[in-house]
Amino acid sequence: MTPHIPPLNAHVVIDKPALQTLFDALQTAGYTLIGPTIREEAIVYDEIGRIEELPIGWTDEQGPGHYRLHERGDGRYFAYVVGPHSWKKYLYPARLTLFRTRRQDKSFTVETGEEPPPKYAFIGARGCELAAIAVQDRVFLEGPIQAATYKARREHAFLLAVNCTEPGETCFCVSMNSGPRCESGFDLALTELDDVFLLQVGSQIGAEMLAGSGWRPAGAFELSHARRLLAEAETQMGRTLETRDLPNLLYDNLDHPRWDEVAERCLSCMNCTMVCPTCFCADITDVSDLSGENTARVRVWDSCFNPDFSYVHGGNLRPSIRARYRQWLTHKLASWIDQFGTSGCVGCGRCITWCPVGIDLTEEVAAIRGEG
Amino acid sequence: MYAPQTTTMAPEPMMPFPALITDIKEEAPGVTTYALEFEDTAVRQSFTFQPGQFNMLYLPGIGEAAISISSDPGQPETLLHTIRVAGNVTQAIARLDVGDVIGLRGPYGSAWPLAHARGLDIIMVAGGIGLPPLRPAIYHIIHHRQEYGQVTVLVGAREPADLMFPGEYDAWREQGIEVLPTVDRADDSWEGRVGVVPMLFYSLRPDPRKTMIFTCGPEIMMRFVVYEALARRVPKERIYLSLERNMKCAIGFCGHCQFGPTFLCKEGPVLSYNQIEPFFSVEEF
Amino acid sequence: MSEGQKPRLAVFKFASCDGCQLTLLDCEDDLLAIAGAVEIAYFVEARRRMLDGPYDVTLVEGSITTDEEVERIKEVRRQSRFLISIGACATAGGIQALRNWADVSEYTQLVYATPDFISTLAESRPISDYVPVDFELRGCPINKGQLIELITALLIGRQPRVPAHSVCLDCKRQGTVCIMVAQGIPCLGPATQSGCGALCPAYNRGCYGCFGPAETLNPASLGQQLITLGWKEADVSRAFRSFNGYAPAFREASEQFEK
């Protein structure tokens, strides 16, 4: 029997509990489901299997250096924005063995570092996060050399995206043109309405996963309701970032006194770079046993705020916090565009929320622009 | 379902290939040249490089270091790397002997613009360990001598014993290359010039319409080279520098070697001055 | 290392609690490998047989607090090729360095029935204040993984990889949610050197600064934030003035917020 599946690009609705049938279909198809769930007083990304593990009825209150969970008292599944984790946790793991060597006589052999990774289904990726994945695609897949470990994770990843209807206090995706609506790069894009989920079918496999969901074509009321929610969301951004001529603004102000001021506050603790969904800097280091016979070459997340980051024999090229913050911000907002044809910032606001002292890059840029 | 149950993995691009040390030659105090040959015949025979490019040298358990290739690009089966003992990896390499094996991958980075330099005069300016990355370019010019105009190599070192490859200067001169060495501090044996390398410019009369500059050495020296070259009206886009940063992956993934918009491992290490001018004088950039 | 022989390892203790030495015994499986790779020549806690120097690698635990210890550390230095100070006491003076802000004779009068028998220096100071130290392993106590890394590096012949960055990097790499941002719990992690594996934040506790100041830190800004989260200036001062309170950067911070 041919399963009953919707056509590509169709808009369909399912009852909210039917989301479980989608989870089940993905698991049957061999996917490991990763999605939002509550842990350590935050909404993190972790392995899930059932819809009850989603933060149903919860929301997040965010501000500079501030994050708190609150119960909403309703049954909303996706009424929060992005948390401390991003999908790079899975696509670009914080710690990964690239290869192993084993000494043999005077020579050595080289073996692959890890088993092929699982197929991931990412549940609840937001517009800014799809944009962030697209940014990392450019870094790791669209240059002359492809990052094998990233590719193996990325090319089979299933993306169930979610349109943001309630942006947070540190969100500015509208400024970065990355949300709140998910425009492309998803298998399914979900908009949460009062009683149902509206789903846009973005791929054949996305359509197939809906076979057992009891989907029906979306009606005009549901479509217009979703449009209205997203239009409202666009006006509710907690922050804005003026991007006009941003690269030149920063390049022309490399000696601006604002760098000294932000260095007074910046802890050089690296949190902004760790929570950023596009930051990709890594260190590659050897882990060997006492005999030195067996060595693993391991890649770990690194940061331009790490004192060791810019060390060349003889010294650190960026010893001051000022120079490190300037490197980070100019890379993110200016040189990234030269390097990859896109901004390194997607407006998710994580670096603002998770900075322990609440440094806000939109404020820093405005100050350099003379609007502070 | 048509989607595969598991994913597949392409080979890791940072995997090294074992290479045999076939010769070791001490060049100067603390500076040694290692001749390396890939153990795998296919890898060895398919390897080519351009003057100015570098390889990653790996010692399991110790780590990896970016080292420029200092040998003749016409003979890529034996690769020379001239190494100054500086960090963990170079210290460990210094303990190796002929017959030992190290990991090697490459070549990476940009090259001296020898194609663009055809028909032009070239002034190479090298300070200390800056000459090894230029030597492949010298060999290339010797092999294609009629394609280039006047070629001058300015070589500086702290002391006479620190000069790189002094035994080859006469051979280069025989091929019509002017070689002008200088040292910061002379000793009794030294009869040549004394002073920093950029001072050698004072005796040159480069024709700015057809001169190209290649320079590699300490950043402070290269600043003066740029200054002297610009003072002689050599255009920015014909002044090339080889820069150094902390290179970890060599393929643009790790972010360590960024210099403004450039990844020195990909677009560099050889860059023209007009590419880097806005950032070259910014402190701690 | 001496040719053809195993390198000789010694462990010496000064003013300390023994916890760092115990970390070596705590290495379990790796301890067997270490015992196979080196000759344990002097280690009072581990074996009865005590061999005289010289030693290739000497681990020194504890701070210097008496005249006798000053002389003893000089002799240990003379007998040691590599001298490595281990733990907060040896690298920063330890918790006993709290006396450096007080009057020691007053303490001895209060604590001991016959204070005349007590001969002690006015301050507790790190090993490096008295003899050159080749490497320092931080921590209260030191971390097992870092100790094994140190011994491995010495055996292989490279610099030990002991990162100087903050605890935050470890929290983030292991996916721990920031307790300061998500729960408002004061934490010294942003100013403290990595090494413990970011243990406390993973258990909902703020970092105590056991590994001392990170290479780059901004205690003034962090302290202000801790005050925003509800601490008083004196709390901030006390937090910086604990196991590593006498390490210069923490010392300055504690004095800055003491006023």
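Per-chain residue numbering starts at 1, and chain names A, B and C are given in the order in which the chains are listed.
We adopt the following convention: a residue touches a chain if its C-beta (ideal position, glycine included) is under 8 Å from a C-beta of that chain, and two chains touch if they have at least 3 such contacts.
The structure displayed is predicted, hence computed values, not measured ones.
Ranked by how close its mean Cα position lies to the mean of all protein Cα atoms, the top chain is A. Set against the C-alpha centre of subunit B, every other chain centre is closer than that of C. Between the interfaces B-C and A-C, more contacting C-beta pairs are found at A-C. Work out the mean CA point of subunit A and of subunit B, and you get 39 Å between them. With centres set at the average Cα position, the gap from subunit B to subunit C is 43 Å. Centroids of subunit A and subunit C (each the mean of its C-alpha atoms) stand 38 Å apart.
Shared interface positions of subunit B, i.e. residues touching 2 or more other chains, are given as 61-63, 87. In subunit A, the positions touching at least two other chains are 285, 288, 292. The set of subunit C residues touching two or more other chains comprises 156.
Taken in their complex, subunit C has these residues touching subunit B: 156-159. The residues of subunit A lying in touch with subunit B in their complex are 28-30, 98-99, 101, 103, 106-108, 110, 112-114, 116-119, 139-140, 143-149, 151-153, 155-156, 205, 208, 251, 254-255, 280-286, 288, 292, 295, 297, 302, 304, 309-314, 317-320, 322-323, 326-327, 330-331, 334-335, 338-339. Those residues of subunit B that touch subunit A in the complex are listed here as 1-18, 39, 60-64, 86-87, 99-101, 103, 244-246, 248-249, 251-256, 258, 260-261, 263, 266, 278-279, 282-285. The touching residues of subunit A, when paired with subunit C in their complex, are 39-42, 44, 65-69, 83-85, 89, 94-95, 264-271, 274-275, 285, 288-292, 300-301, 303, 305-308, 321, 324, 353-358.
On subunit B, the positions that touch subunit C within their shared complex are 61-63, 87-88, 91-92, 95.
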